[in-house]
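Next up: the structures, one after another.
Same chain, two partners: subunit A is paired with subunit B first, then with subunit C.
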Partner chain A sequence: MQTIKSGFFFILRQPWSISFIASLVIVLALIPMSSRGPLDVVLSNFYLASFVAIAALGQMIVVSTGRGAVDLSIPYTITLCVYVATIVQEGKNDHLFQSIIASLAIGALVGAINGFAVVVLRIPAMVATLAVGFIAQSVVQVLSSTAGHVGASPALAELSRADIFGLPVFSLIAIITCLVVAFLLFRTAYGVRLLGTGQNDIAARLAGLKPSSTRWIAFVLSGLLAGITAILLGGYSGGASLGVGAGFLISSIAAVVLGGTLMSGGQSSVAGIFGGALFLTFLVTLTSTLDMSFGLRSIIEGVVILVALGVGGRNILKKSR
Partner chain B sequence: MKLNKFSLIAVPALLVTALSLSGCSSATDTAADAGAKTPGAIVLSNSFIGNAWRQTMVDDVNASAEEAKASGDIVDFSVVNSNNDVAEQISQMQALILKKPKVILILAASPTALNGVIQTACDAGIKVVAFDASVTADCAYKMAPDWVAFGEETMNVVVKRMGGKGNVILVHGVDGTDVDLGMSQGWNNVIKANPGVKVVGEVAGNWDDATTQTNVGGLLATAPKVDGVMAYVSAYGAIQAFVAAKRPLPVVYGSNQGTFLKWWSEQKAANGYDTESAMEGPAISQAAFWIGVNLANGKEFPKKLVYPTFRITNDNLDELAASTPADAFADQVWTQESVLAQWPAN
Partner chain C sequence: MAIKNTDAGGVLSILDLVKSYGPTRAVSEVSLSFDSSSINAVIGGNGAGKSTLMKMIAAETEADQGSVRLGGVLVNDAGYSPAKAHEFGIRIVHQELSLANSLTVAENFYLEQDTRGGLGFGWRKRSADAARAAISESFGPDAGISPNAKVSNLNAGERQMVEIARATSAPNLKVLILDEPTSALGPERVDYLGKLLRTLQAKGVIIILITHKMDELPKLTDRIVVMREGKVVEDTTTSETTTEKLLSLMLGGVEQVREKAAHSKSTVTAASEVVLRVQQKASEVSGLDSIQVSTGEVVGLLGLQDAGQEQFLRAIQDRKLAGKNLVLKSAYITGDRKFDGIFPLWNSKQNLAASWISSRGMFRVFSPKQLTELAKVWFDKLKLSMTAGDKLIGQLSGGMQQKVLFARGLSTESKLLLLNDPTRGVDLATKIEMYATIRESAQAGKGVLWYSSEDSEIAFFDRTYVMRDGLIIAEFENATTPTHTIKSAMFNGPKKQVADGDSKNLVKRAQRFARTFIAKPWIFAFIGFVAVLLLIDSRQPILTNVFGLGLILTLAPVLALAAVSQNFVVAVGDIDLGIGQYMGLIVVIAATSLNTNPLIGVLMLIAATALYPAIGWLLKVRQFPAVIATLAMSFIYSGLALTILPTVGGQVPAWLVSFSHLPAPLVPLPIWLLVAIALGGSFVIEKTRLGTRIRALGSNEQALRDSGWNSTAVKVLAYTLAGITATIAGLMFAGIATSGDANSANGYTLMSIAAVVVGGSEFIGGRVSAIGAVLGAGLMSLVGVLLGVLAIPSLFTSAAMGLLLIVVMGLRRLTRESERA
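Let's turn to the complex of A and B:
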């Protein structure tokens, strides 16, 4: 009994617990309103949350470097990578592998440019990534008007609908990506450098943690993860469209904060990313299931996120550290 | 204090320069006008260029302009784009007015914010043709579909194909635009008249396939059996959501995009899928352009010009599906003759 109780409090004390508790509350509200089974409700939202989760992992890595760093280029990088991937695929399966490489390469390239602007040119991340994102968006407009729209590879589209024992393959990919990022953060030297840089830049430099290259790599990783998101999104929507990445700006940042990652850097929570992403998709499902005007929906979504952030920032019980 | 002294000299100096410059330019303009009397210049002020519809719209009007230049109907045509920014479009309009074209075509970023500058253009003797997005300025010619009627028409097709009853999902466009308000009103008129039809969900689709797919996908997590979907231009995104959720396909009113037409024609071949599709194609810019050419040459039209949407049924589907690239729109082509046949000049 004692161990169950202490285990319960241990979970509550984790920074990521708030996002899962909030998700649970919404699911409990959603299930009576739904005309589908509870498992159906959870699984289809889990599927939609997978895309947000992968993109938000990249955001989390950048945020973890501290000094208020955010990657505002993520939505545009995703759109660009979806275009690049589908253009290489040409609606066929022959170049699927090349398209994955191309999407990852372009994502990493955009990330490297972000890193260059932040580390070498010393432009604040918020401004630098916005500017780079604007450039990416302009490239997309050129691509979309010259290359036109070609469909995604049928095999990839097929994979987007496939599942293993009821769990969508894309969600599985998202979980694996989370595990890889968790390993990177908590079991490798780079993870130590990243969190150390985020906690205290000067101390990190004195300890020989090379904060500059750590930051640069963080942006490249964010671009890579945007590239992965893009490959899956292309399969999901069967091709590219100009608004494909648009929703990822707010959602990637909100999932990070809801998930318990400190915006000031130095503390990451990989588990919380999935909780945060789930919470956001559940919230949208809830507001569209309730019959209300669009303005009201956005207000409710905004308020709920603010409240969750306010509670999350206090960590329910007390600081885990 | 220093600033005040400076401005005491600078402001009058600037004023004098500006006045003399404007004096010069109007003098040269009248000289040019006297040289070439009837054919003038036409310009297009476009509020946004960032999507396939807008890009095709500009390509279409450029094609018509080349024709008109070759036949000597106009001397020049140019396009100015702003980035969905009202202030930017207003200042661009002001610059255009100074160039004294005969006609300004405008796709406005706001129904009301540009009224002032449109009035300025009218006062300067320039004819203004607003198309697609309406403006409320009285002096402008306004070309757009009747969105309420279009909403009713399309919803009627869906309800009829559903057998007069069942569950529908409504996918809205960009919330608050007159297009979306008008179409929603039309949809709701039909739904009210058919008590057997129940709306089981409304989502924002922003006229974008990816947004629509995600939001409909979320709704399908809780929605019961869906019999019909009204999605206007993002119909393909709505269908993808049903496919991804492995739900049976409902009646979906289509859009004229190549992606949808290709899918529709494949479904028609495979299982006889039947629907209808219509939209306001980007070639509305051509219709507005030819109206502009005729206005420049002294013809007169009613201020309100209702634009006909381009309709596709199972009968003309296959040909259009084959000829329309995935990201393009099946559309009509307007010529001087067909425009005058549709909207006879007074």
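Let's turn to the complex of A and C:
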């Protein structure tokens, strides 16, 4: 009994606990309202959360570099990569592998440009990623005007609907990605460099943690993860459209905030990312189940982030000094 | 210690003051009293608690217990704050300067004067006069500091002078605490300071001086209090004591260790290897053309504060000097733990292991077991208990944190150890252990370069280099040189102090002139704006005649207003990612309620505007990151807008529409508007009292609060200004758009940020320029036109803006760098 109790409090003290508890609350409200079975409700939301989770992992890595860094280029990178992937696929399966490589390469390239602007030109991350996002947006517009509508590979679309023992394949990919990122962050030298850089930039430099290359790589990783998101998203939506990545700006940031990652950098929570992504998806499902207007949904999303900041904000105060 | 009668007029008495940081007792039950018209010195080694004690008196640090009374009145009650201390006439000046760097000297004087009231119209001139008078009264008419100089352009000595002058010019000054006031001053200014202190003493002021310079004591002070490890160990009249006696009191048990150290010197032998050799230009100042450190020796690096020792060590560690010099892999151990040492979110094991893990390569995997093993080895060596390993580093005492940093530095097996004053704020027992560790490391084949601010540590060096103004000016063999010879080299050498404002400063002044007038922050935006206009003119001259300009700049005033609004937010160090959506909300209100029911419409506009100060308050009180909070607000704004008007439609009132068609004399209306917005915005942020406070908040919040201002109120007011400006921008946009669309203004979020950034404002430090923001807005508005003229498809508009942002920011960064070099 004692161990259960202390275990319970241990979980409560974890930064990611809030997002899972909040998800649980919503899901309990959602199930009686839904016409589908409880497992079905959870799994379908789990599926939708996978996209946000992968993109948010990238956002988390960038946020972890500290100094208020945020990657505002993520939505544009995703849209760009969806276009690149579907254009290479041409609605067929022949170039599926090439399309994956292309999408990842473009994502990494955008990330590398972000990194260049932040590390070499020393432009604040916010402005740099904004500017790079602008450029990516233009490229997307050129692509969409020249390529017209192209569909995704049927095999990928097939895969997007497949599951293994009930668990959607895409969700499995998201879980594996989370595990890989968690390993990178907590078991490799790069993770130590990243979290050290985020806590104290100057100390990191003088302790040999190489914050410059660490930052650069963080942006590249964020771009890569946007590329992965784009491949899955292309398969899910069956093709590219101009607004396909738009929602990922707020949702990636919200998942990071809700998940208990410190916005000031230096502390990441991979589990929290999944919890945050789940919560956001449940919230969207709930508001659409309740048939709320688009305006009202938007207001609720904004308020939820402010409330999450309020709850997480206290965490920040406790942790620093 | 006898406590004097607390009812006596003007006596400052402290009783049982206690302050602990974690397990460290910085000050333990100190009681002292200071008579009016007295000059007292408080001395002691690093970490003796003297600064903490003074900060408690001046309300900069809250005492755990104990009381501070002035003239019998309890001063440190529950609400004791720096502002309250000022009201009581208690002032402190220390090295963590409390000036706002991006403000001018006069504006810094203003921050304090205005809280005392009586500054109305003409405040700028009056502040400047007050600054000039105070500086010349304190440091002589030739002090050479212009009231209109930006503080960031002053050197350390000049800043110190401004700070002291500002504190001493307070009309109700009763207690003046100076923490190492002479560390950055030349001898001439120190003489002035001596005279100033005597003048103040004659007026009844209690003066308390913290100093490390023993030779100044007889000249400057009447009484000396010696502290060690948080306690007062001696309280005596200056004339009745000697430097030797004071030194041994300050150091306590270190004497024996020094004796021992003298016997265990290592010598450089033929087998020694050079681990550092740095060339420098030999000059009239220094005959030395290179310095070197070999394995087996402990080399000291001495100098006054700000002489460049820390920068030198960091430059070595950063391998900035590695090019043509010999620099072996080094480890850097700092005593400024919070600034460039510890990682506060990690426990001490992780703090220790960071360098070791990182040194093995970017993607090498490590296990928690390896981490524990590494910690075990080093914790054993440095006599740290393993239980400390799992504690957050900040929960350990200063001495234990320092041991962890030593372990980190030693764990990478570097041959060169760079020590940046590593015994700062460390207890005596740990200090002694560290001296042994340093010597052992040298004997085990490392070369040590050790910057120390503690005179007594000179005894541990084999050789000593002395630095001044960023150059090594002298070298001494410690075995054959008396300590005082080494020390005096730090003070009086061939080169004059920079703080002396005479003919040599002409070059400096010319540089300053150039910096102020040629390198205005908005210069890039201005050049860009003119260049784009010329480009357009060369292709399509019809667009740049008076009529054409009015046409292509129609929307520029809207963006300019949005940029000025963004500028207010940037000035306090935040960013507004919701302004475009907010303008959309205003457009929707204008197209619906304002047209159908003007009263309700106006009320809605006021309510919307009120969201700005509300979010400003929230950001300040809850410490939200502005990026995320305003992003969340953008959803709320557009949600509200969509709720009011779900589809495109509505009708903007005719009077609002007709506004944009007002007849204008000479040049088209948009140009008049742009000029008015630039001048108005610039006036508010640069020439008004509120604008000055807003910039002070962005530059140095502590300085603003110490001067008695409520920083939350200032932030809320800054957001109020931003809100009002954004509302006007939204209304103006509505007048041009004529119908409502919640999403029509979304682009203004990013464009306003771009305009502000291109215009030369910076996200940190309160450096903003409204003129720049408006020029940036003009430039951004012309980008689309330029692309059209150059026959580039409009698809590339946003790419052009993105590139422009990167190029301008990159260029600015490069010019900054060359300026610094």
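The definition used in the following text is that the second predicted complex is superposed on the first by the 312 of 321 C-alpha atoms of A that agree within 3 Å, B and C clash if a C-alpha of one lies under 4 Å from a C-alpha of the other, contacts with A are read in each partner's own complex, and residues count from 1 in each chain.
Keep this in mind: a residue touches a chain if its C-beta (ideal position, glycine included) is under 8 Å from a C-beta of that chain, and two chains touch if they have at least 3 such contacts.
Quick caveat, the model's predicted, so the values are computed rather than measured.
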| item | value |
| --- | --- |
| First (subunit B), second (subunit C), both or neither touched by A:G196 | second |
| Per-residue touch tally on subunit A - higher for subunit B or for subunit C | C |
| First, second, both or neither for A:F294, with subunit B first and subunit C second | both |
| Which of subunit B and subunit C A:T188 touches, first, second, both or neither | second |
| Partner chain in contact with A:A218 - subunit B first, subunit C second, else both or neither | neither |
| First (subunit B), second (subunit C), both or neither touched by A:V244 | first |
| First (subunit B), second (subunit C), both or neither touched by A:V62 | neither |
| Partner chain(s) touched by A:Q141 [first = subunit B, second = subunit C, both, neither] | both |
| First (subunit B), second (subunit C), both or neither touched by A:Y236 | first |
| Overlapping contact positions on subunit A, where the subunit C interface meets the subunit B interface | 137, 141, 145, 294-295 |
| Touch list for subunit B against partner subunit A, complex | 49-52, 55, 172, 175, 199, 201-204, 206, 208-211, 213-215, 217-224, 237, 240, 243-246, 258-259, 325-328 |
| Subunit C residues within the subunit A interface of the complex | 314, 317-318, 331-332, 334, 339-346, 350, 353-355, 357-367, 394, 408, 412, 575, 618, 622-625, 627-629, 631-636, 638-644, 646, 742, 750, 753-754, 757, 763, 793, 795-803, 805-806, 809-810, 813 |
| In the complex with subunit B, residue positions of subunit A that touch it | 30, 33-36, 40-41, 44-45, 47-48, 137, 141, 144-145, 148-151, 160-161, 233, 236-239, 241-244, 246-247, 281, 284-285, 288-289, 291, 294-295 |
| For the subunit A and subunit C complex, residues of the former touching the latter | 68, 70, 117, 121-124, 126-128, 130-135, 137-139, 141-142, 145, 187-190, 192-193, 195-196, 199-200, 202-210, 213, 217, 249-250, 253, 257, 262-264, 266-267, 293-303, 305-306, 309-310, 313, 316-317, 319-321 |
